[in-house]
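In the two complexes that follow, subunit A is the common piece, with subunit B as its partner first and subunit C second.
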Partner chain A sequence: MAEPTAVDPRLLEILVCPLTKKALRYDREAQELISDAARLAYPVRDGIPIMLVEEARALADSEVRKS
Partner chain B sequence: MVTDAEHMASGGPGAPEDTVDFGFRRVARTEKAGMVRDVFDSVARSYDVMNDAMSGGLHRLWKDTMVSKLSPRPGQHVLDVAGGTGDIAFRIVNRSRKGEDGAAAHVTVLDINQSMLSVGRDRALDRGLLDGLDWVCGDAMNLPLPDRSVDAYTIAFGIRNVTDIAQALREARRVLKPGGRFVCLEFSRVVLPTLRRLYDGYSLHVVPRIGRVIAGDADSYHYLVESIRRFPDQQAFTTMIEDAGLSQARHLDLSAGIVAIHTAWRI
Partner chain C sequence: MAGSDILVFDRGAVRAHRRRAAAQFAGHDFLFREVALRLVDRLADISRAFPVALDLGARGSVLAETLHGEGVRAARGIATLVEAAPVRAFAHAPLGLVADEEMLPIAPASCDLVLSNLSLHWVNDLPGALLQIRQSLKPDGLFLGAMLGGETLPELRSALAEAEEAVEGGVSPRVSPFADVRDLGGLLQRAGFALPVTDADTIRVTYADAFGLFRDLRGMGETNAVIERRRTALRRATLLRAAEIYQARFAGPDGRIPATFQVVTLTGWAPHESQQKPLRPGSAKARLADALGTTEITTGDKTGPVRPKRV
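After this line comes the complex of A and B, so read on.
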């Protein structure tokens, strides 16, 4: 049980930020889906993406990638 | 992120009312989502046993009928909202499959409640349903899917728990492809007066007792029963669906209107 449950890659392709409806970046190491536009990181817990704004972590300036 | 969460739950600043129905009580608009989540956290493990006990097994027939109305085909992508325990998703995958090992529809199961999703994913593993399903925690009022991305949107016994039903319906339309199908199964208004009186007595007095005995939780089932009685009737809900921009909204009463299936299209 050391490996975290992997997120279905097809799911990652279709998910967008619920707030901005823009594409997300997957940070495999941190198990987060990152919305640069909303400056939020949505957690992935036990392989399930948690696409709720109230569960998301606010990004620091240094973490935001400009597109 | 409290501020943003409140912003979303309230449908934005300037929302006309700051309280909403929670069963028969009025609660702050911003609190409803959390309270509903607590109800389903509380009932997640006993959810299926309770559904059988409360409906005498009828919920299985209702769900079968819903999926046969949808008539899913292999290769279609279906978004099943509030589908945590997988009841609808499993039916869609199985019904769409051509042959023993043939291709099936793909279902994205979305639920606001992580406990329900965990139950559903465990059940999928138990049934050997490994492909064709994915699980995501999300909010029906702010779907994490692009515009025009799914062939069908299903929601069974979920929409009455959403804080802003009109917003959830607009989101349904947004994510549907043109030509996509909306199918909703929900408690509705019993159309026979005699049966309605019996049903009222049963649901208000008997169901919470069953909840206490089986699930050890009468309060959650009080909420469920009251929320059923608050939900708009067949005609009113049909109008809401059309107001959200979906077309050809129709309904089919099951069990004399204890539940109804509402269907519509995104044109």
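After this line comes the complex of A and C, so read on.
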């Protein structure tokens, strides 16, 4: 399978969680941008981050990293 | 939604209209291209560099292409142009993303420039959106945005109202209640922008008939998303009647009908030390009395009883 298109580092530099305005973790494997503060994972489709709360996946307790 | 009492726009409908429009947008994007040109023109006049820019509400690359085509992208030193699109179909890698204008996913103080081409008039919480834009700017960063104003499509508004009254016996809002240009300056100020400026332009186009206008509005993704609109779609009879009224009342000698769009341009800067601002009281270096060639009366001195002025 081809490598998924990664999010451009220039985007990663300025993106934050739209809900909390806190930093995001980029999970390359799952192609998700993770907001531990909001307990949400925003999907990345073909390298395009979908930063909509209604499209985000709720994180399970075990997935949340404490800062 | 918690915390907001009045929601004017159905944001789900706004997104659905934009999604539906994306496929044939190129055939109906004249207004976006025209306004992009005007925004880019203004940017050309501001002589400083904006290394990181954000196109908020990007419809594909309309703004990027205009910036490039006019040579302004190079002239203004825009190295990175991030495109925050309202729906997936308008976003392109590598610098595209999908975002809601009411909930910006942009880090504080990360952009030198935020541009917005005809996107903010569908926002319910405009003060909140402007505040988030200001926060996303670095100190001395610029916001330059265009949105449709309150005097947009007056012809359509009156034709639809009259047709609906005649055919259905009642009127519901079919054209958006756009913000008034006078209110927008205050909103910019409240959002913490320095040197806020708003001004309005009119763009008038003509169509063979009202159906041409309807097709364009649909193709632009700019059809009605007002929550208070009647839940049923406009009846065909009403639409036909509106087209007749539009033609009868507004057609020119050539039989074509005009459609007027009011475009309000907003400009504001994120505050910075270097910007002109009023001096602190008491910091004057010259005396007003000297300039006027008179004697100064300090505020401590009584001026005497007030006598009625002789006319």
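Annotations
Rule of thumb we're sticking to: the second predicted complex is superposed on the first by the 66 of 67 C-alpha atoms of A that agree within 3 Å, B and C clash if a C-alpha of one lies under 4 Å from a C-alpha of the other, contacts with A are read in each partner's own complex, and residues count from 1 in each chain.
In this section, a residue touches a chain if its C-beta (ideal position, glycine included) is under 8 Å from a C-beta of that chain, and two chains touch if they have at least 3 such contacts.
These numbers come from a predicted model, not from an experiment.
Model built by superposing both complexes on subunit A: subunit B and subunit C clash.
In the superposed model, A:41 lies in contact with neither subunit B nor subunit C.
When the shared chain is aligned, subunit B and subunit C each come close enough to touch A:8. Of the two partner chains placed by the overlay, subunit B and subunit C both lie in contact with A:16. Within the superposed three-chain model, A:56 lies in touch with subunit B and out of touch with subunit C [touch as defined at top].
Common to the subunit B and subunit C contact sets on subunit A are residues 8, 10-11, 14-19, 21, 45-53, 55. Taken together, the subunit B residues at the contact with subunit A in this complex read 1-2, 4-5, 8, 106, 108, 112, 114, 117-118, 121, 134-139, 142-147, 149. For subunit C in complex with subunit A, the touching residues are 52, 54, 80, 82, 88, 91-100, 103-108, 110-111, 135. Put simply, subunit A touches subunit C in their complex at residues 5, 8, 10-11, 13-19, 21, 23, 42, 45-53, 55. For subunit A in complex with subunit B, the residues that touch the partner chain are 8, 10-11, 14-19, 21, 40, 45-56, 58.
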